[in-house]
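Here come two complexes built around subunit A, the first alongside subunit B, the second alongside subunit C.
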Partner chain A sequence: MATDIQISIVGSAGDGTIAAGEILRGALAGMGYKVISFDVYPPEIRGFGKCIARMRITTEQAYSLKHKSDVLVSLDDSHAIPHADEVRECGAVIYERGSIVQLPEGGHMSAHIGPGQLPYPVPIRELSEKSTGANRSRNIVVLGFLAGLLKLPAEAFQKAIAKKFKRKAAAAEAGEAAFRAGQDFAAQTFKLDDVLFGPPVSTVVAGATVEMISGNAAIVRGALDAGIDTFFGYPITPATSIMERLATEMPKRGGRLLQTEDEIAAISAVVGAGFAGARAATSTSGPGLSLMAEMLGMGVIGEVPSVVFVSQRGGPSTGMPTKTEQSDLHMAVYGGHGDAPRIVIAPTNVDGCYRCGGKAFEMAEAYQTPVIVLIDLYLSNRYETVVFPSRPPFEADTNRKPGKLAAGAQYKRFALTADHISPRAIPGEKGNMHVVTGLEHNELGRPNDSAEMHEAMSRKRHEKLKAALRHPDFTHFKRFGDEGPVDVGVISWGSTFGECLEAMIKARGEGIRCAAMKVVMLSPFPTHGVTAFMTDCKQVLVPELNYQGQFANLLQANVARPVTRLNRVSGEPMKVEDILDEIRRLAGRKAAQKAA
Partner chain B sequence: MATAKNVRHHVVIGSGVAGSQAAETLRECEPDARVTILTLSSLLFYNRYDLPKVFRGHRDWREFLAYPAEYYRERRIGMRRCSRVAGVDAKRRAILLDHKEEIRFDTLLVASGGRGYVPEELSEFRPLMHPFSSYTEAMVAANEVPDRGHVIMLGGDMIGLDLARTLLDTRHRVTLVAGPQTFWPHEVGADERPGLVAALEKMGIEVVEGADAGGIASIEKGARGLSSRRVLFKDGTELYGDVVMPFFGLVPSVEFMLGSGVDIERGLLVNPALRTTNEGIYAAGDVCQIWSDAERRYRFYYGWKNVRAMGDLAARNIAGGADPWVPAQDETLHVTADGNIQSPFWEYE
Partner chain C sequence: MGEIKPIYLEEKLKEIEESGRLDYRSKTLPTWCPGCGYFSIVEAVAASLCELGIPNENAVMVSGIGCSSRFPFFVNTYGMHTLHGRALPVATGVKTANDALTVVAVGGDGDGFAIGGGHVPHAARRNVDMTYLLFDNGIYGLTKGQTSPLSAVGFRTPTSPYDNPDRPLNALLMLLSHGASWVGQAYAGRPDHLHRMITQAMAHRGFSYLHILSPCVTFDKTHRTYQNLGMQVRDLPADHDPTDRLAAMREAMNDATPALGLYYREERPTLGDALDGLVEKAGGELPGKPAAKPARKAAKR
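For the complex of A and B:
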């Protein structure tokens, strides 16, 4: 039996909601299931905001979270109640049976459980207090209850609990006791919902390792596997955990990390380190990227390899720090003054974060330019099971080195070559002395603002990037679904592509000829591949999480064809159902057909 | 839970036959009113006379539901499951749920039915018995009884005897430890009893007469062979079975109404219009005792058809009617010419 179950745990900051999610997905991934998960944190301090740990557990590969959950666990009814209608028919709602305070009408979860859903009141607080002497382990009690109800092996959870509290013996002990209390209570509860786990399917490939990892953690892993030397950064949600993880990992590998005073300092240091020959990076979000715009231009004109990981959130300005959005694409591709082309790549899933996280360094070095890896909060915080190859799939050195200089010749850092890429010397190399400034320059790097030179250098800076469209072992774009002509083609980018893929698969299941294309390389734009795809499509749908249709704008600037835009700015991931409805509409499906 | 101030809120306690019928009638009579059912049950309404089907292999709860979820959505009947009423404040028109939520009502219909009665002297053995009054209990019992297993039935009310028919039909063995509650709710005269017991034996039930609940010394767990229960009688005799099921009739579920201000004897006392002693609070079903002008006493009317008719009548009266109660089924127990038992209690749609 194939497993496809989505569990949402909703609580208040301080309830241990996210920790419960972490343990649950760790246990399930450890059992061999594929897991995609996405946590939502509040922007506020402890004790106020809503936390959601949401995960989809499957045996077949899934690409996004589902619109409806199979199980909702409430650790705090005031936050969970608005999510009650997200539970499917015959799905389970698990909630605190009693309250210690007087509630107004409707203040209890039982008031909001629909007639098709199955209620499971559990004395969560009481079980926690009885088993541990405190109510702090309520989150673990519900995990025990879940494990008991859904007949999941306790060992996998015990391992995950032990791992979570490995440095806190008392918490680990309390966790064990609370888990057992929840599990014992479930043993006395008659199971009514139809949420069933089938056996996991083994995905172990010889030599590979399977890990449950978040998008940000995958970026870090990619950067480390590609041999990052230095990192400079300033914390900002949702990118902070990239820096935090690197701060732990880099010193172990001889790398260096510095928290700078702001984003301008961070990008300046990255460009400096890149100039000095290091594989250097920073991470930020939209507001930080704005601050970095000027210095990115310096990286472009100086042709300095530098990597910027950008995790988008709701904007503009401080906007919605804990909500997801894909609205920094214009900024990433076009942001800044002057003609400042750069490479922008946008992975569509966690595995892609790993690959882009490493490939960014290869590309920055090979094409001597800033590279922006554009993700968003949804992808940063999303966990997926990823299969890591036995050897990192990244080249350690893609720099085009200068040959031996002819006697009396001068090293030209910006030599005009056939493919527009100049041999790059690292400062300090004997005989290859050169100058890099923010001024327009000649081949030697000396200031020169003649019309000819600016034209030649502008061409060089743009044309050299075309080679990135053939960068080896990299998926620039990819088509899925029906081959040949189709009624509807869905093109998307970044985190939204998972939802597009799910919608496309469902549409095909309804008999609609449909295909989907993900575009990972956003700049330079893979015009040929995308044009070929669009030629096959009667209708093209472009779903994305921004108001303007930033990717659609980019697409239409490169391929002159009409598209249908589907834009959402709810701060939440796109809904598969919304995309599917639009596919149906474009395919000319009537409501009756849809229902049938 | 925002509702317009002038919309009446009708609350029904209980999602059995009476409560469910009442909610449907209330919705028909008052399309704009708010109708909410509060119930202990975790499932939507099902007919409990269907429960013996678990022994015929029907195990999925969905097969038992009288109506799909859509029925409640379409009729805008609020369904609050797993919600135990802890108390009612008639003056303030407020209900307090066990989990400390307060619900205000304009009118209240109490249809909380009854729960299985177990004689005091046997109550210490409750954990060793398998009641059969809800889907969950039915499933637990069914999972416990092996193929061709042996069920020891204590008491033997009409609910139990109905189950016995199915058990025998599905090749189980049934021993009835008969007593004063055998044939409840029918009142059986001493002269009728031997004929009725003979009819039970003809059905295939092994009847242990005279060894009523008062004669049971203990019930024990773990016994010889496959059997997992031993019933030890005071006279030293013993019985072995897979499960022991109590069927001693029902006691009305009224504890949450104590202190509410309405009159209670064993059940909630209602006038022929099914109104309690408090205006705005009605009762229907197994929980209420209705004033009978003819008999000059408050009395219970059992049986599925009666209970449903009570739910319907109470709702119509809540909506402004003033019709009196007329029983919907007769109450006599017969033995047919060919020796079979015939009870109006066993007639349902």
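For the complex of A and C:
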């Protein structure tokens, strides 16, 4: 039996909502299920903001979260009540039975259980107090109850709880007790027959490892596996955890990480370190990328390898720091003054974060250019089970080194070559002294603003990137769904592609001839592949999380064909249903044909 | 001052050629105006590199934008001519990537204390093992003579046609309080002293800051002229103790008659030392030891 269950835990900041989610998905991934999970939390550290830990557990890897949850757990009714209707029919709603404080009318979850939904009132607070002497373990009580109700083995949870409270013996002990109390209570309650876990299916080849990991953690793993030497960064949501993880991991491998005074210093140091031969990177979000624009241009004209991991959030300005958006595409691809071409790659899932996180260094060195890896908050904080190969799939050194100079010859750092890439010397190499400058320069690197030289160098900087479109072992774009001509083709990028894929699969289930294409390399743009796909499509739909249709703009700048845009700026992932409705409409079906 | 000896051109040329310091000059001739104080700085840096026996390929000159920032083109070493104000963080990146390099950041007063001012405290407090040569002419020369944060009150320029209303920064006092581990001042009009100071600054292990006073002969005919500077500068008192930070600050506060010499010097761990310490704490391998990470692949070359 194939498993496909979605569980949401909703609470208030301080309830341990996110921690409960971490333990739950850790336990389920440990059992061998595929997990995809995305948490929502408020920008404030304290206070009473809404927290949601939401996860979908499947036998085969899913591509997005579902529209409806099978189980909703409320740790705070005031936040959870608006989510009661996201529970499907015959799904379960678990909530606090007793009410400690006087609630206003309608303030209790019991008043909001829909027809067909199964209510599970649990004395969460009481069980926590009885088992641990405090009400702090309510989140763990709920996990115990879930394990009991869904007939999941306790060992997997105990392992996940022990891992979570690794350094706090007392908390781990309390966790054990609270978990048991919840589990025991579930034994006394009525059964939930409609939400069933089938056995997990293992698809792992020998030597590979499976881990449940976030997008940011996957980027870090990719960077480490590609041999990152130096990192310079400045904290910013939602990219901070990239820097934090690297701060722990890099010194273990002899690497160096420095927290700089601002993002300008971070990218400057990356360019300096790249010039000196290191594999160097920084991570940031939109506001930081804005500050880095000028130095990225320096990286372009100086042809210095440099890697920037960007996790987008709601903008402009400070915008919505804890909400997701895909609105920095223009900035990443075009940002900065002058003709400043660079490589921009945007993974569409957590596995892609790992691959792009490592490949970025290969590309930066091979094409001597800044490389931006563009993700967003939804992908940064999204957890998926990823299969890691036994050997890192990254090249350790992709530099083109200068050969021996002829007697009396002078090393030309910016030599004009057939493929526009010049052999690159690194400080410390005898005889190859040169200056890298932000001024337009000749082949030697000396300032030169003649018409011929600016034309030649501009051509060099643009043309050399075309080789990146053939970069080995990299998925630049990929088509899914029906082969050959289709009625509707969905083209998307980044985190939104998962929802597009789900919608496409559902549309095919409804008999619509449909295909989807993800575009991972945004700059340089894989025009040929995308054009070929669009030629197959009667209608093209481009869903993305920004107001302007930034990817659609990029697409239409490269392929002159009309597309239908689907834009959302809710700060949340796009709804599969919205994309599906649009596919139906474009295929000439009735839009309001809602799934039961 | 002793007896003035005549200088014969052939003798002087022979002496310079034999010294080997011409190997540190590039074939690109400086683009500065005739009479600019910066000529003596490029000559002094070449002489210092030669004197310290630093191989050309192991030296990296990093600059921002401005008249002085053209410097890397005029010496025969590796170099980076970067963005306005960003020499220090770029130099920090170079040094962090490869400790074996001798890194020298050069730049003007506008580059360092206006647009790049935010980076100065951090390079100093981290004690990045590099030398920062600040060419202070109190003016923006490359854009043809506007006011800088080190221009005097009342200085008239095209951007302050009715007088400069702002008081100048006291750069030496700033660097002393930011925690630079070597702080000195020199004057382009005293090339021998300048050369000795640059040699000392480069030999120092840690962040060394040398403030070099220089006139802009083209755009400043009233304030920072050779004539005025020559009358204003003095030597630090013979009994000045360069390990006494407070004494150094007192001297720095007397900016009407700028004192030349070594203000302050201390030995303390550099940024590189600190980062190596983190590797040890994390149980990682340091470069040079077996199984060293490609982190220092550049160092091994």
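To be clear about the criterion, the second predicted complex is superposed on the first by the 587 of 596 C-alpha atoms of A that agree within 3 Å, B and C clash if a C-alpha of one lies under 4 Å from a C-alpha of the other, contacts with A are read in each partner's own complex, and residues count from 1 in each chain.
The definition used in the following text is that a residue touches a chain if its C-beta (ideal position, glycine included) is under 8 Å from a C-beta of that chain, and two chains touch if they have at least 3 such contacts.
Predicted, not measured: the structure shown is a model, and the values here were computed from it.
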Quick one: classify A:211 as touching subunit B (first), subunit C (second), both or neither. neither
Of the two partner chains, subunit B (first) and subunit C (second), which one does A:121 touch, if any: first, second, both, or neither? first
Contact-wise, after the overlay, does A:89 reach subunit B, subunit C, both or neither (first, second, both, neither)? first
Have a look at where A:463 lands relative to subunit B and subunit C in the superposition and call it first, second, both or neither. neither
Looking at the overlay, what does A:113 touch: subunit B (first), subunit C (second), both, or neither? first
For A:255, is the partner it touches subunit B (first), subunit C (second), both, or none of the two (neither)? second
Per the contact definition in the header, classify A:577: touching subunit B only (first), subunit C only (second), both, or neither. neither
As a test of reading the superposition: which chain, subunit B or subunit C, is in touch with more residues of subunit A? C
Complex contacts: residues of subunit C adjacent to subunit A: 28, 55-58, 60-62, 65, 72-73, 76-83, 86, 88-98, 100-101, 118-119, 121-122, 126, 271, 275, 278-279, 281-287, 292-299, 301
Enumerate the contact residues on subunit A facing subunit B in the complex. 89-90, 97-108, 110-111, 113-116, 118-121, 190, 192
Quick check on the complex: what are the subunit A residues that touch subunit C? 227, 229-230, 232, 248, 251-256, 258, 260-262, 264-266, 268-280, 294-295, 298, 302, 396-397, 426-439, 446-447
Provide the residue numbers of subunit B that touch subunit A in the complex, in ascending order. 1, 42-44, 61-62, 68-69, 71-73, 79-83, 97-104, 136, 139-140
